[in-house]
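You will see subunit A twice below: alongside subunit B first, and alongside subunit C after that.
Then we have the complex of A and B:
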């Protein structure tokens, strides 16, 4: 649990201007499941899970995910964007307890 | 400041019109208001009705590719990917992609919002599956067309607990 919020972002090793780039991102997060008491009733509490993921590149949102508890623990998210200029790709994960975890990757051309 | 009253009147009228416009917008696009309650305990039919109302879901067979393992040995982590053939230009792009797992207690798994900047409508994630059942991908294009595809996944060990 101490690793909660660790983010990894992976881009292809070589990117050319104008390429559509596929990004893989991973966040370490428990994504709490629904709990039930001994009578099978759903425990009503504020579950800790990621409910929003936003990827920003050059100040624009390229992809956003609204997620529920049906997403796995330590989830990965894959999406693509068109790399036009060098810049930073930021992926922000927001959870239901107000946590915000960010990962970045530099988009540069070789 | 001599024409101040007219200005204020005008300003108020504009504000009123804006407010009306804004409320009209929310009415026609209820998804925003439901953002907090995307995942609910409901059946898949209820979920689809809540998200799309009576809008027709067309078969997206040739356009939408939903990739899932045939058999998921561990329902706790199932990779899913959705590829949509789309030019992704400002005039014609994929706006949202929903992934829905029919047998999950919370059927709506996630919703992706894309824009033309994405360049390609290809997304993926790891999801949970409670038991063997259909998984659907529902794609909303910029012109409002809804395309749906589904695939059955056999789940050996359920991953939703509870």
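Then we have the complex of A and C:
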């Protein structure tokens, strides 16, 4: 299996300044699920799942998500933002163990 | 004299056709698979036998029933006639519970019956929603469940009584339930409940988009493995230079094929199990993550190219004949063949429960290894075969068995000319 934290980010192949573009991103992550004991109590341990996703572009946060372990394994996040200038879109996935996994895509105009 | 020789040749030709495929001259093949994938059965201290399978799979031993092994010469379950036992009254309620029981068949996998709790029903067998209106005798329905081959020799329905999957009493209850199913049927509230009107699945989008199919990301990662030297200091990249994409371009289009050095048909996965350790010293056991990931990487180098497996040489034709015989061979507790579910004349393109059965004539192998959204893992063709064995009620063979390789070759012959697109993505 692949290592945890591989990120892929994908932008449309041709975009123009000012376009609202749809970004697709995927991170390889187990998104460990909460377990309960026979009495229904949550088993106390440090669960491993992504709880925050932050997308930055031109020094500004363009999207941020608070997530829980109910999001699937190897999750895909899709969102839109307005591409105004050339630059780098960075998507950072933070998990409950302090892991931070980043992927980038270059915003280029043709 | 010459005429005699010709006559002898014709007779010899007839003899081989009548005898079916030739199983002689195949090598004995020790498995190079991970322990869970070897099809082992072990004896427990209390004498019970337990099948070794993957984590989370059943450990039930189906040793009573025949398998795909070429040396398993047992016949299929003999056809058996039976009459309902006298003095046993059927209970329709019990019968309905049995009909829906997932511990058993369930019968609803193939047959539609009324009820909102019938979910998901399949359409492989006839709709039984109003079977009671046909006024069939109890004894006929009993025989039909016990062993339908008495009436329909080529049926896809298993012999539930003859295989001892259902007891005589249970079949009496099932018959009582079926006789209560009478029309007129109320209007169907949900088109999805009925497999004859249910929408067809549309798939999971672009399988080659890494933000859609995690297997692409995993396979690209296997490039590290391709470049990493094994214990004897050599890596795949040392002999196959120019990068995996260039070095392996078009290679996958010819597999499975007969590899003369090993005297058997091999898929890429099979070949890696022996070729990898011979050259690099690193084991690449069948069904290990390394083997499957490398296979995906190698196969991706041929994406878009048409499959061109050899189907014309004498060796290939002999192997195809054996693979085809396996495809039509009835095995396991259910006495099913691959053909029951996967040929358009029988189950293909129909629903088995909620699953659409794949059609062999469309070619089923060119997207393998494939990401399974239901399993969260990439599966090669062999693990898919092994997964099929459990519902058939048959013990699985080793993932790298010759029987599976030749069956895979037969399936791949239908992919010929169609473009490779791996890794795929399926439920």
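Observations on the model:
Rule of thumb we're sticking to: the second predicted complex is superposed on the first by the 102 of 110 C-alpha atoms of A that agree within 3 Å, B and C clash if a C-alpha of one lies under 4 Å from a C-alpha of the other, contacts with A are read in each partner's own complex, and residues count from 1 in each chain.
Following the convention adopted for this analysis, a residue touches a chain if its C-beta (ideal position, glycine included) is under 8 Å from a C-beta of that chain, and two chains touch if they have at least 3 such contacts.
Given the structure is predicted, the values throughout are model-derived calculations rather than measurements.
With subunit A as the common reference for superposition, the partners subunit B and subunit C occupy compatible, non-clashing space.
Here subunit B and subunit C are compared by how many residues of subunit A each touches, and B touches more.
When the shared chain is aligned, subunit B and subunit C each come close enough to touch A:76. Computed from Cα centres after superposition, the angle at subunit A between subunit B and subunit C reads 110 degrees (steps of 10).
Of the two partner chains placed by superposition, only subunit B is touched by A:67; subunit C is not. Contacts of A:28 after superposition: subunit C is touched, whereas subunit B is not reached.
In the superposition on chain A, A:10 makes contact with subunit C only, while subunit B stays out of contact range.
Of the two partner chains placed by superposition, only subunit B is touched by A:20; subunit C is not. With chain A used as the common frame, the shortest Cα distance separating subunit B from subunit C works out to 6 Å. The contact surfaces that subunit B and subunit C form on subunit A in the two complexes overlap at residues 73-74, 76. Against subunit C, the residues of subunit A that register as touching in their complex are 1-3, 6, 8-10, 24-26, 28, 73-74, 76.
Here subunit A touches subunit B in the complex through residues 20-22, 33-36, 42, 51, 57, 60-82, going by the rule given at the top.
Within the complex formed with subunit A, the residues of subunit B that make contact are 35, 38-39, 41, 76-79, 81, 101, 104-115, 117-120, 122-128, 159-162. Residues of subunit C that touch subunit A in their complex: 209-212, 214, 216-218, 221, 289, 293, 376-377.
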